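Shared between the two complexes below is chain A, which has chain B as its partner in the first and chain C in the second.
Moving on, here comes the complex of A and B:
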């Protein structure tokens, strides 16, 4: 068992999924909020202890995506990509699960250390929606925990899974999104070029997809993180 | 064979449904519309329009989302039955 000292946990999710309620349920009264230098949007930070380990929890702004360019999305994306949290918990709304899965998949493309917290499960029940939690977990390849944070339901289970993922007892195996052959061909050309330059600092498949997408702001953020001594390959370099 | 009618989402009458055909938006705004759930095949209902005619609230995959006319112009839909 690997023991990670002072693990950092990111809390991501769409707006209005009860992210802050989860945050409060996990951190209890030990919560305090902090402002990041240079950022105008608040990211809350809290600490809690579980089984002798002190966890730092970062509440990221609620977003539908990590790939567009609002400030909230930038903050969430930069944190998950560049600050490498030990685990990212994605809070999803059980009453409209489908629209939350976009963010789940986007996070899974960046990091394999991801857990889905399926919140508002009580409200889903009231709407007569039943979610096959086990099936969802198998489909995604990462742990899924159903919670109703305002009643404290599912929080002990969430803590236990979090602990197991942090300590390597559970290793999530997120299912890879497979794109069309055209795109996959480019990925397989870009990826070896990237592996040579990234030294594992970023997920090369994810960077390859961003190069193909060609969003200048995201590429600039990646470049800034890597430093300018590392040149990212361009699409032109790998055109057959 | 009858021709399929395609209209901008902005022209979908209130309380009627449409299915997303394609997006005209590019780059960031295209990404944003897709992140909101507007991908080809998605069913959308126009719920209500603000008193000034803009924005309009749409029901998209279980959430109510307000779009400006400018954005809704760039989503092409096929009007459908409920």
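Moving on, here comes the complex of A and C:
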């Protein structure tokens, strides 16, 4: 059993999925919650104890994606990528799962220690949407817990799974998005180059994809994190 | 319920990079992620209901084929109801208010008030107020509840969604569609709303172009002028339809100019590539009728009317003074409008109209009242007891043609924003430079467009 002393947990998710409600339910804090997107602009921090371990919980700004350049997405992306939280909980809105899965898939590309908290499950039921929680967990390869944070439902289960993931009892095996063939070809060319230079500090598949996109802001952030002694390969270099 | 403006097909998303290969790659990556999400969701989510109402409605209201026609139709209906409905109460109000003016006149005569005092108070301030109320109140009292209804139902974000793609093609942020829609209410509010746009470049474009959609203060002008004049073109019973169509056309022109100017700005002064975003469409809510009426009457109608009245009384005062103080053989208005006249004529207006726009800088609401006041002071006294009398004043006494009306509408649509909006822009951008540009750009465009229309029409022998 791996013992993590003071695990740091990141809370990610789309705007208006009840992230702050989950944050309050876990920490017992009374952070302001509201029914509108974009309430949490900067990250909030709280602590809680579970089974003798003190967890630090970081509430990240709500974002639809981690690939764009707005400030909130940068904050969320930089934290998940570079601060390496022990576990990232992705709060997903059960009433519109498809949209929320975009973020889930993106987070799973960065870190394998991810849990999906399928919130607003009560509202989904009211809308006559039935989500196969077990099936979703199998599809994604990571734990999925259905919650209704407003009523406190699912919170004990979420804590238990969180504990298990932190202690290595459960090892998530996140499914990776399979890209079009030419992209996968580039990835397989870039990845070995990257593995040599990253020493496991970042997920090389994820970095490869970012290099291919050539988004200067993300690349700059990666470069800054790695330090300038490490040279990232460019796409051109690999194609030729 | 969400309609993602991110790609359902590749090639729709753009990033900050000049490398087209990288952009293509990024599109493909996002596309693959979305596909995977869709595939997983379709496996694990089961809907007991086939499709909810909101979704079905959105399929129509935001469909690529029907979205636009439905939008135009809805707007057309709203204006038609406003124009048809406003006629009668307008006449009643005018009759009552001008009957009251007669009583005031009689009272002043009895009391032996000096002519100048009577002039300032009754002919200046009271009459302007009476005009603001009788001309603007009825269309506002009908239009604003209807518009609030559309807003309350959740239709405005759908408008934004329909327009999103066009904005992206203009090289700007899709959210500009949203801030533009806010501008229909009030341009100052629209400018503040531009805060939701992250990129400074795109935010500035949205701020600088917000003015091209008519705000609450300008809708009454557009509605009044199109109901007075556009009817003259078509046959009698279709008057209200063509007038409503005219207002819709003005809005379309406004949106088109917004897009063109945004595009030009993003190619010149504010270069860059649009960022992507996701637009959340709130669920349709059954409208709360009571709330709509209260909100629209209190928040909008009363707000616009109060603002108009506050500005109208002193403006009426000044206008009256200007009309009655003679320098040489002409009144001040005569001098000013005479000075502006050659230029104003070249852009299809006349000196008085242009002067009314300039004096209307504090609030667009008072342009028409100033116009009426100035005309009244210049021409023979006229019993102004109905909207038809305004028409007569404009056409018979001051030679308006349909072209004059069209150019006045175009100028109203495209000219400089009101003082409040300019001040808000200076505050939001923290720079006087952008506020000056926000004045110069629309004004230049208004002048160019009106000039082209006027000269073009004259060349063709119309108007």
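Assume the second predicted complex is superposed on the first by the 226 of 240 C-alpha atoms of A that agree within 3 Å, B and C clash if a C-alpha of one lies under 4 Å from a C-alpha of the other, contacts with A are read in each partner's own complex, and residues count from 1 in each chain.
Keep this in mind: contacts are C-beta pairs under 8 Å (C-beta built on N, C-alpha and C of every residue); 3 or more make two chains touch, one makes a residue touch a chain.
Note that the structure is a prediction, hence the values are computed from the model and not measured.
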Three-chain arrangement built on chain A, chain B and chain C clash or fit: clash
First (chain B), second (chain C), both or neither touched by A:64: both
First, second, both or neither for A:161, with chain B first and chain C second: neither
Chain B versus chain C as contact partner of A:215, first or second or both or neither: both
Chain B versus chain C as contact partner of A:108, first or second or both or neither: neither
First, second, both or neither for A:99, with chain B first and chain C second: both
Colliding region between chain B and chain C, picked from 171-179, 225-233, 333-341 or 387-395 after the shared-chain fit: 171-179
Interface residues of chain A shared between complexes with chain B and chain C: 64-65, 67-69, 96, 98-99, 102, 215
Touching residues (chain side chain B, partner chain A) in the complex: 27-28, 31-32, 35-37, 60-63
Touching residues (chain side chain A, partner chain C) in the complex: 15-16, 37, 64-65, 67-71, 96-99, 101-102, 104-106, 127-133, 135-136, 139-140, 177-180, 183, 209, 212-217, 235
Chain B contact footprint on chain A (complex, rising order): 64-65, 67-69, 95-96, 98-99, 102, 215
Residues of chain C touching chain A in the complex: 1-2, 4, 6, 15-17, 19, 21-22, 25-26, 28-30, 32-34, 36-38, 40-49, 52, 198-199, 275-278, 280
